[in-house]
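For reference, chains read A, B and C in written order, and residue numbers begin at 1 within each chain.
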Amino acid sequence: MPTTPPSLQALLARRRPGHSLEAPFYLSDAVFAADLEHVFGRHWLFVAVEPQLAEPGDYVSVDIGRNSVLLVRDDDRQVRAFHNVCRHRGTRLCAAQHGAVGNIVCPYHQWTYDLAGTLIHADHMPADFDRSRHGLKPVHVRTLAGLIFICLADDAPDDIDAMLRETAPYLAPHRLADCKVAAQVDIIEKGNWKLTLENNRECYHCVANHPELTVSLYEYGFGYRPSPQNAEGIQRFKDTLAASHARWEAMGLPSREIDTLDQRVTGFRTQRLPLDRAGESQTLNAQVACKKLLGGFTAAALGGLSFWTQPNSWHHFMSDHVVSFAVLPISADRTLVRTTWCVHKDAVEGVDYDVKNLTAVWNATNDQDRRLVEESQIGVANAAYEPGPYSPYTEELVEKFCNWYVQRMRALAL
Amino acid sequence: MPTTPPSLQALLARRRPGHSLEAPFYLSDAVFAADLEHVFGRHWLFVAVEPQLAEPGDYVSVDIGRNSVLLVRDDDRQVRAFHNVCRHRGTRLCAAQHGAVGNIVCPYHQWTYDLAGTLIHADHMPADFDRSRHGLKPVHVRTLAGLIFICLADDAPDDIDAMLRETAPYLAPHRLADCKVAAQVDIIEKGNWKLTLENNRECYHCVANHPELTVSLYEYGFGYRPSPQNAEGIQRFKDTLAASHARWEAMGLPSREIDTLDQRVTGFRTQRLPLDRAGESQTLNAQVACKKLLGGFTAAALGGLSFWTQPNSWHHFMSDHVVSFAVLPISADRTLVRTTWCVHKDAVEGVDYDVKNLTAVWNATNDQDRRLVEESQIGVANAAYEPGPYSPYTEELVEKFCNWYVQRMRALAL
Amino acid sequence: MPTTPPSLQALLARRRPGHSLEAPFYLSDAVFAADLEHVFGRHWLFVAVEPQLAEPGDYVSVDIGRNSVLLVRDDDRQVRAFHNVCRHRGTRLCAAQHGAVGNIVCPYHQWTYDLAGTLIHADHMPADFDRSRHGLKPVHVRTLAGLIFICLADDAPDDIDAMLRETAPYLAPHRLADCKVAAQVDIIEKGNWKLTLENNRECYHCVANHPELTVSLYEYGFGYRPSPQNAEGIQRFKDTLAASHARWEAMGLPSREIDTLDQRVTGFRTQRLPLDRAGESQTLNAQVACKKLLGGFTAAALGGLSFWTQPNSWHHFMSDHVVSFAVLPISADRTLVRTTWCVHKDAVEGVDYDVKNLTAVWNATNDQDRRLVEESQIGVANAAYEPGPYSPYTEELVEKFCNWYVQRMRALAL
């Protein structure tokens, strides 16, 4: 028989710093089940933006592995999250990805819950049936300047408060909660979710693969360190960064880097980064895609406030739009990447913005990254694959992602 | 690593009466393999109707999991059943779902068996090759008033005789063996076979989900008990039932309920039930779908003789047609439901009946039930799912199905 | 729970000679993993023909299970083989099945290898990064008169030398290395690779299943032994064979049978066999499909030099073309069969040959065999399947394949 595969414990114990992970982390169904249980089951996940829930009764359902979570705005305009499962025989309550309801009614036998999750009606149940013990099971939910995070665990990590407190001043000026969704696109990558994250956490691959993105993007803003090869370029970038930060901070826009990626349970990184050329937005000409600017902005050239969270999201807040990415694992070798573009809620399509132009850069970039992730998934499945060395000059944030993952799994899965 | 799933033994031991089953019963590949081995491998299964085998040489192949069974009418007009596997190198003998043959010839090397399963020819075999030891392997088969049941076990449960003896008087007047198949439709439900059965065993969901079916169906005939909510309606139904039974029994049609669903190995339930409105047939106007009545019937308003068998069938025998349902598991999360409509063999399509009208109610109902089963399969896969309470007033037959299943598995799988 | 399946060790130990294999050999994922590790991982495999790599820089990628192997002709015109995996983060280097390159450049971060597999460039790596330790991992490769064999093991079986030495005189006169590929067709059979091989190793099934192939093929050349049923026909064939061999050997074409199928690690069989009717080629009229003959041949009626290798190929070298078959396992129940037709490199399509005519016999035959393999895969999955007896008169080479497989697995997998 084939050799017994190494245990997750052994794999975690022998992880080689500065190198890509061993193949079972990307391939094994057992590791994937552990990822779902410990990483996606016990950490804060980005799952939606508040503009998806504009009015009371609006709902969104999100799948985290086999778990379906229902986000709903209640009559007090609070965002609530529930397991999307009837307490009678377990039927999924809302099959659509989004919609609007008065109450939440199970399609099978019409058990009926209000927007606070309370069971308010169930036919044919006996006199001693206690409705109060059959309400929807709640899921932890927090909002951050329009971003919605959930945690499936009974006890959610409490350092979410620190992240909210520290990053809200950066994000709040863009007023995402006052936006509308201009476009949302799901793609499925035939690869492990960790390959999707690793791909996101470096720009070593950008120049050769992302012609549309690199119109506006300075690759040096994405985890580069000076090396003999690029010291001069990085110094120029640092000068630009310093000048930009001084200008933006003077406008009341916090801009300096905060990086807790591998130092906290709820790890994140944020920084306002200059954009190249017109310097306004991640578009094919680096100019704004939406004439109606966000919040109270009057200047367009605010660069991009980038925000990365462990384990599953990244975001770029610009003067004219916000683009958010949620990574949702499906199986060891399938990952959903959901991209959401938001513009000012009063912007008029065809007048203030054109959806094709707004989404052109990231639709192209996502497809390029999908291909890279898929080729990596195929490659690491080879018996000949062995972890290779990360570049210390360009892949530091990939290493931090791997560090975070390995630390969290060691803490929870052993 | 994720927690080890509970063993089947533990799951069976801790089953909570009056509640839906725990998730692994619907999701686990190991439980599904046990279901195939013990439930579908050791009990009597409904698989076809005799009109599918009108003449000697007619055959039908039926898949029970990975097992293919060949039903054939032999030259003495007996229905026989064999494993559909050549004794040479194991090739499937008949790939088609139905057809007609003189002998059964393997497509690979032309080993040839007669309709009694005897190997009558094999080329190139040595002088000492014993053909008599290489006949087709038989499968137990019994017919009941035109319904064909098989059992894959070496020793088939012998209480099939009691079921045949007790129910033949109910079914025989409809003379199913003298019918022809007017239509047969296979649908695949993305759900566990037990969810399909549980769906079949209650009508709590009918009013909200089955507008076509409830034209003719009194839901109270399907496992309802009086409760404060419906006591008056049930009393009215009981009065109707008593009057109908008196009328039908006077016509020589046994009608009273027999229910052994969770009391016998070969559990079943039967009862002749009144139909609403025109009271004749399960159609969109409750009138007969076929002008040529079955058997020797002269009256059309004979209600519906319903017949349910554990673990995989239900049937409605009406004055003008018989509709039969066979549930055939494919995998833990895929189930084939085969629906067969039979009419008098002399009925003429387009004159006596219209196939679209004949099949309208159950094609619509099956599709509605498919959706409910699929939403339940998705729902119970959530980590948040826990077994919920059955209504004692409307889900008694679901509970009996679960009781039967748990009892049988405890008896066989431990 | 279902009975624990027998271990591979137990299955190998109890294999019954003269009978087909037990079902887990065709169905079990664990056995398939062992097949990949021990059979396909430690033996010489036929994977391509030299005409696929005509010029330096030409490459072909071949999948052996999850392993992708890159074949490339280097600047010295040697055929080399590498694991198709970047040494950085494991990305597949060449996604296409074939192409031409100057160097081998990873699409992700542009790590660049020359055609000898040496890493010649990697951006952003530190001063102490040792490129010489990050070259492509080589795979053993040998060529035999234009056929390319690889071995994935660290230590490849050394009796490949004997096979090359003994068979080169048979194959060389056809000068395959001077051919071009006229057609290549991949089909996927929904069956285990061993069923594909067993199907190839007997012609008991030919008469009833292969009307196109049997135009030119004498079935008696494919492992038949005299029996009471066919003694006369075989004697006539032997006379034809002796006369043909005398004629061909006088022309300098070795023709007599060599059979080491179950006697060596690198087992093979070869023999030049007469063809029926026009006697020239495996076509619909047994005449050559290409007017431009191979090598220096002036006569067309040279029969077919057949060459079978364990575990995954067979070939027919004729006067006008060579047809080669590679069997590449995908999963326990999926197998890729790649068929390659080669003609003289100076032959002109539409003038000297017509692709449809050239490929007609084997495209039809492959499809017929695919169906037989698939019906066998379905059949052996039945619980009722048990290994049946091989015909000693027609299935001797099937038995030799099974013997070889069981011997090799016993030697390596225990």
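Basically, contacts are C-beta pairs under 8 Å (C-beta built on N, C-alpha and C of every residue); 3 or more make two chains touch, one makes a residue touch a chain.
No experiment lies behind these values; they were computed from the predicted model shown.
Colleague: Copies chain A, chain C: same or different interface, half of numbers shared as the threshold?
Modeller: Looking at both copies, the contact residues mostly diverge.
Colleague: Superimpose the Cα trace of chain B on the Cα trace of chain C, which carries the same sequence, then give the rotation angle to the nearest 5°.
Modeller: The two chains, chain B and chain C, differ by a rotation of 120 degrees.
Colleague: Please tell me the distance, in whole Å, between the geometric centres of chain A and chain C computed from their C-alpha atoms.
Modeller: Those two chain centres are 48 Å apart.
Colleague: Specify, in ascending order, the residues of chain A that touch 2 or more different other chains.
Modeller: Within chain A, no residue touches at least two other chains.
Colleague: Contact residues on chain A for chain B in the complex?
Modeller: Residue positions touching the partner: 7-9, 30, 33-34, 36-37, 41, 66-68, 83-93, 95, 107-110, 123-127, 129, 134, 137, 152, 413.
Colleague: Show which residues of chain B lie in contact with chain A when the two form their complex.
Modeller: Going by the criterion above, the answer is residues 1-3, 20, 23, 198, 204-205, 208-209, 227-230, 371-372, 375-376, 378-389, 391-394.
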